[in-house]
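Once you scroll down, you'll see the structures, which are given as structure tokens.
Each of the next two complexes has chain A plus one more chain, namely chain B in the first and chain C in the second.
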Partner chain A sequence: MHKYRAFVPYFFLFPALAILFFFQFFAWGWNINIALRDVTIMNFRRAWPFVGLQNFRDIFTDPVTLITLRNTAIFATTGIVSQLLIGTGIAYLLFRAERKVENIFRPIFIIPWLTSVLVASFGWRLVLGRDTGIVNMLISSLGFEPISFIGHPATAMLAIVIANIWRGTPFTILLMNSAMTSINPQLVEASKIDGASQWTFYTKIALPILKPFILMNTILITVWTINAYGLILNMTGGGPLNATRVFPLHGYLAAFSEGRFSFAAGITMLSVLMTLVLIYFYLRFYDVELVD
Partner chain B sequence: MTEKRVRIFILVAWAIFTLLPIYWVLDISFQPEISFPPQLAPLNPSLTHYTSLLNERLVVTGLLNSLLVSVVAALVSVVITTMAGYAFARLEFKGKKLLFIGLLMAFLLPPNLNIVPIFSLFSELGILGSRYGMVFLYQLLVTPLNIFLFMNYFNTVEDAIVESAILDGAGVFQRYYRIFMPLAKPALVAGFIFAFRFSWSEYVYATTMVSDNSKILFTAALERAIFSGQYTVNFGYMASGAMFLALPVVVILLFGQKYLELGLQLGGVD
Partner chain C sequence: MKKIALSLLVLGLVLGLGLVGFGEEKEVITLKVMTTPHPGAPHYGYLGPVGDGTTQEQIPEWYENSPVVVYEKNHPNVDIKLDVDVVPKSNYTKQLYLAVSANKKYDLVRIDEMQVAQLAETGYFTPQFSEDYKQWAEDKGLYPNFVDGSTYEGDMYGVLDRTGSRAIWVWKDVLHAAGYTMEDISTAEGLLEALPDITETAKEEFGMSGGLEYPFDAGWVVDQSWGWLYQLGGSILEKNEDGEWVPGFNNEAGVKTLNYIKDLVGAGATLQRDWQWMLANFMDRKYAMTYEGSWAVSAVTSAYPDKSHEELVDMVGVIPTTVFEGKDLRALAGGWMWMIPRAAPHPEVAHDVLMTMLNNRESYAHMLIQEGNLPTSEWMFEAPQYKNKVTKDIPEPWYEQFQRGVAGGVHRPSLAKYSQIQKAFWDATQKVVVGGVSAEKALDSAAKQVRNILEG
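What follows is the complex of A and B.
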């Protein structure tokens, strides 16, 4: 009954998928080409000499790379752990709350997800600002000197971590909340009748059901957190003294403020590979049967 | 009852944390003189930061360019993603599963990751810094999300409607634009707003790819206006500019909330 020629579905798919193919998969190929040559701002429009793996040697012998890896580890671990704990906690509280209460808080909690990275950056820069911030208002009312959060290495890291938690947590709240809603209420009742304690219910029944969601969520926020350099670029530009220069930002700055395109392409390749490994694990849990 | 109070207290605390930067931006944007300590609420609210921001020529150019790029990008997105969503939801073809996995991968890969090769490719193609190049580029941000949105929406259309259209002799193309497109009107609005929002507030590509002042996009122009002083940062511009950036979000919250959940379930962070 559904009669159409075999090429028709591909006709419908073509524009969207061609664009994605060009920007993702084709771009990687092009990126490998750049990474194996020596392209800088000097010869960007001229011939690119082939240098093999030299750029990767440069990346791993660059002392700044080590700092950026350490920064990424700090930024990602604190960000991911906080987002998971806070997000799941808030999701649970929303789940337990009455309908009326949930309807008040839910729209508020998704606001950061909807705003752009730039709004998150500007907002937190103003909140934490030395001359504009409510935080420094409190600090000075306690009798201390106001501090410039993005002006000092340790506090700059704190500032970007907070802004990232602010922006990233809504996703976990939504995902975990809908996961909890999917637990069959009859199951809750049945466990009560069986006399299972709350603790047994959570650890023996709820947790196994939620486990795949927690796993999916963890992989997704890991992918987004380790690659989220837009926020940092705008808030601190990687400074002060490279204190907030994370690995992908290292690549961005190498290309666009230092003109070392091939070095940056090498970093892009490493980031993409790292991300693809994470995505592979994600896809193994994802229900692809959905489309069939 | 005390446990319940604790729970509400935590929810309120998180709501305050969530609203704090938004409120603070709003508060600062209406204070004509920003000095330390800042006011908790503007004592003499004024629109001076907004009006002087709109008197910056570069910012106005940026607003107009961003409006053009975002509207065209959103229109293109709606056309191409309804087509792809229709194919995934309603048509049978070889390699569906494989292409769907490819789509998921494209969705999960942060678009900012590829800026180096894309910059170079755009330079080779001679479209670096052109507005239509940016329209093309911004499809990257929103295509997977919108395909999911329309795929899900088209999946909910009842088979009976489609069957009767087939009996009336409607072919695969007629079904797309006579049945599915009209039925999807609300989703079309949601998809348009999603796409518009991404392009409107995009920052990393906008500041990197466009160097020509006449083609500058809003986020880049705003950034320049904020840091135009040699040693000072214009916080008034920062706050009022953030409000311009948040405008589409307000529209979404007011009109598109119904469809938001669908998009949100599928995730996506730019």
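What follows is the complex of A and C.
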């Protein structure tokens, strides 16, 4: 009996691993399989010819791909940086505020995060609409011509970035506020006794403590922002003139508007690869020992 | 006496049991249907009663003439149940693709004309009733563009039995205040010339947001452009000397079409990203004119239930689509049809129900009226069951305009890759109208893209 003891953990791990394998690795394997073949809605019910890397070649020679990569970079960078800065700023203000004030505002700030993507996107369409939007009502009341925010390439990106920041920032507020609350008050007292300035306290003591939280937050909002195509799909559909067509949305539309499944599978793989590379750089940049 | 009573009892039992035993039970057939919701037919798909039986109470006249009920009258031994999946339009293509890939066992699926070729190519739908549809089209005078639109590689996959006509709706008081008549704006050039004045009058005198709202929301917007392209002698695709499909828009007609839209915007047209709001905007008198469709008629008539036809016609005008001077009216006329999957559990019954509708003018007319759609054949346009009823709602000049729009329709090419071709032209349209690119350059690029798509 004793000699089988070493296998016991694996025995208990097996169901979880089996499920993980099926839902993760099998799905991934299937996606890779499709990406290396020519599968469209037209031949879905027939043979799928093996085409190797042809789909990836198609992705990079597609004139829209470069535009979508540029859009993704703008959307993700502005979204992630803004969420981090605004979210951390508000979290700090809540941290410094009296408990009563914090208790009132924290739930209010979380509301956008709890709002469904569909409701949020249609809400923003209504807010920014040319003829129905509250923003244009204000603009018109000031005597200016209404602006079609989601109707012009120059403003459409701004519109989706704002909507995404509005929806995503509460998570940073929640996480960073909790992280700040977890700082041991004795450390604050000790730093005061030792004569540390507020700047020194935050940069030399608080920031290193908060670093793992910032890292985790950055990773999560990166993943969510890069994959926030539902919001864009409902707000602009990727237009006008592909101005808001981000990389994953490019894949979604290729699959479910044009039936090009292999092309879309290739984009999915590249999107994940892109996210993994970003996470790798985050780990290097933050230099956090996660295991500790 | 006892014997007689006993004999009668036995006889009664035998007869009773015999009737029960030999009486034919109805065969219950469940038809599985996939369709989109429609304001006029939110749940029923207008094939027949669904669910809790409220259809009969809500629209008794239609109920009696619904295809399924008529079919049941003709086949007393059959009891048809409809099991309808109603999928929102925004999600419909995705659900269609999932149905195809999973080989779902629907009996009837409602298809947009622009997807007929692509879906026929999948092999999911059956062409087995093609000859019946061809015969029907010939007998009933289905307009040629709808025959072509229902056909893929020589087979008809159904009948495009309903359509809509693009139309410009106009508030005549604004038009007249600007000094113009309906006649003045019925040509492409006339509208362009009048638009700055109409826009100014709409804003200054009527406090409106603008003169004309033009849909600029998604790829389907090019449907409007196709009509102008065909009027000017261009086409979406054409066959070259080798019989291969090549782009038919990279020419003078294409350039003029895209520049016309750009000029409209320059003259004051508002590009509308929220097409869902266009009709509401028009009805709220936010715009003097809107590019909508024949289906908007119910919104106009129901907003003014107390007005007579003459009063409505005095208030609101309709133009099917603007026509370039010296050219004939051509407008894209798509439509919807029912297609039967190969995996359908009851293809024959599904087909018979469809033909019941197509051959029964009463039934067909009700479906068209409830959905606010237009027929696709002379036979139905002239059907008293349709015309007499519909002209009660649609004033005569409008009705005639719609019929002209449908009869002068063009269809999209029956190509499986149409959606990609449409996107290339839509990108070119956007480049010209909001991107500051010349029409020639944008169309060159779109044509190159389309060639790649066709070769790929």
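To be clear about the criterion, the second predicted complex is superposed on the first by the 250 of 292 C-alpha atoms of A that agree within 3 Å, B and C clash if a C-alpha of one lies under 4 Å from a C-alpha of the other, contacts with A are read in each partner's own complex, and residues count from 1 in each chain.
Just so we're on the same page, a contact is a pair of C-beta atoms (placed from the backbone, for glycine too) under 8 Å apart; a residue touches a chain by one contact, two chains touch by 3 or more.
Quick caveat: nothing in here was measured; it's all calculated off a predicted structure.
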Notebook entry, point to check: Once the shared chain is lined up, is A:239 touching chain B (first), chain C (second), both, or neither of them?
Noted result: second
Check: If you stack the two complexes on chain A, which partner ends up touching A:52: first (chain B), second (chain C), both, or neither?
Finding: neither
Notebook entry, point to check: Which partner does A:129 contact after superposing on A: first (chain B), second (chain C), both, neither?
Noted result: both
Checklist line | Touching partner for A:258 - first (chain B), second (chain C), both, neither | finding: second
Note to self: After the superposition on A, what does A:44 contact: first (chain B), second (chain C), both or neither?
What the structure shows: both
Checklist line | Per-residue contact with chain A, leading partner among chain C and chain B | finding: B
Notebook entry, point to check: Touching A:31, do we find chain B (first), chain C (second), both, or neither?
Noted result: first
Note to self: Let me test your reading of the model: by the given contact rule, A:151 touches which partner, first (chain B), second (chain C), both or neither?
What the structure shows: second
Next item on the list: State whether A:212 touches chain B only (first), chain C only (second), both chains, or neither.
Entry: neither
Next item on the list: Answer with first, second, both or neither: which of chain B and chain C does A:12 touch in the superposed model?
Entry: first
Notebook entry, point to check: Which residues would you name on chain A as touching chain B in one complex and chain C in the other?
Noted result: 44-45, 125, 129-132, 146, 255-256
Next item on the list: Under the touch definition given earlier, write down the residues of chain A that touch chain B in their complex.
Entry: 1-2, 4, 6, 8-10, 12-13, 15-17, 19-21, 23-28, 30-31, 34, 39, 44-45, 86, 89-90, 93-94, 96-97, 101, 105, 107-120, 122-127, 129-134, 136-137, 140-141, 146, 166-168, 171, 174-175, 178, 220, 223-224, 227-230, 233-234, 248, 251-252, 255-256, 261, 264-265, 268, 271-272, 275-276, 279, 282-283, 286, 288, 291-292
Check: Which residues, counting only chain C, touch chain A once they are in their complex?
Finding: 93-94, 97, 100-101, 103, 118-119, 121-124, 209, 216-218, 270-274, 277, 281, 286, 416, 419-420, 423, 427, 430-431, 434-435, 445, 449, 456
Note to self: Give the list of chain B residues in touch with chain A in this complex.
What the structure shows: 7-8, 10-11, 14-15, 17-22, 24-25, 28, 34-38, 40, 79-81, 83-84, 86-88, 91-94, 96-97, 99-106, 108-121, 123, 136-137, 139-140, 143-144, 147, 151, 163, 166, 171-172, 176, 197, 200-204, 208, 219, 223, 235, 238-239, 241-242, 245-246, 249, 252-253, 257, 260, 264-265, 267, 269-270
Item checked: Complex interface listing, chain A residues touching chain C -> 41-42, 44-46, 58, 63-64, 125, 129-132, 146, 148, 150-153, 236-237, 239-242, 255-259
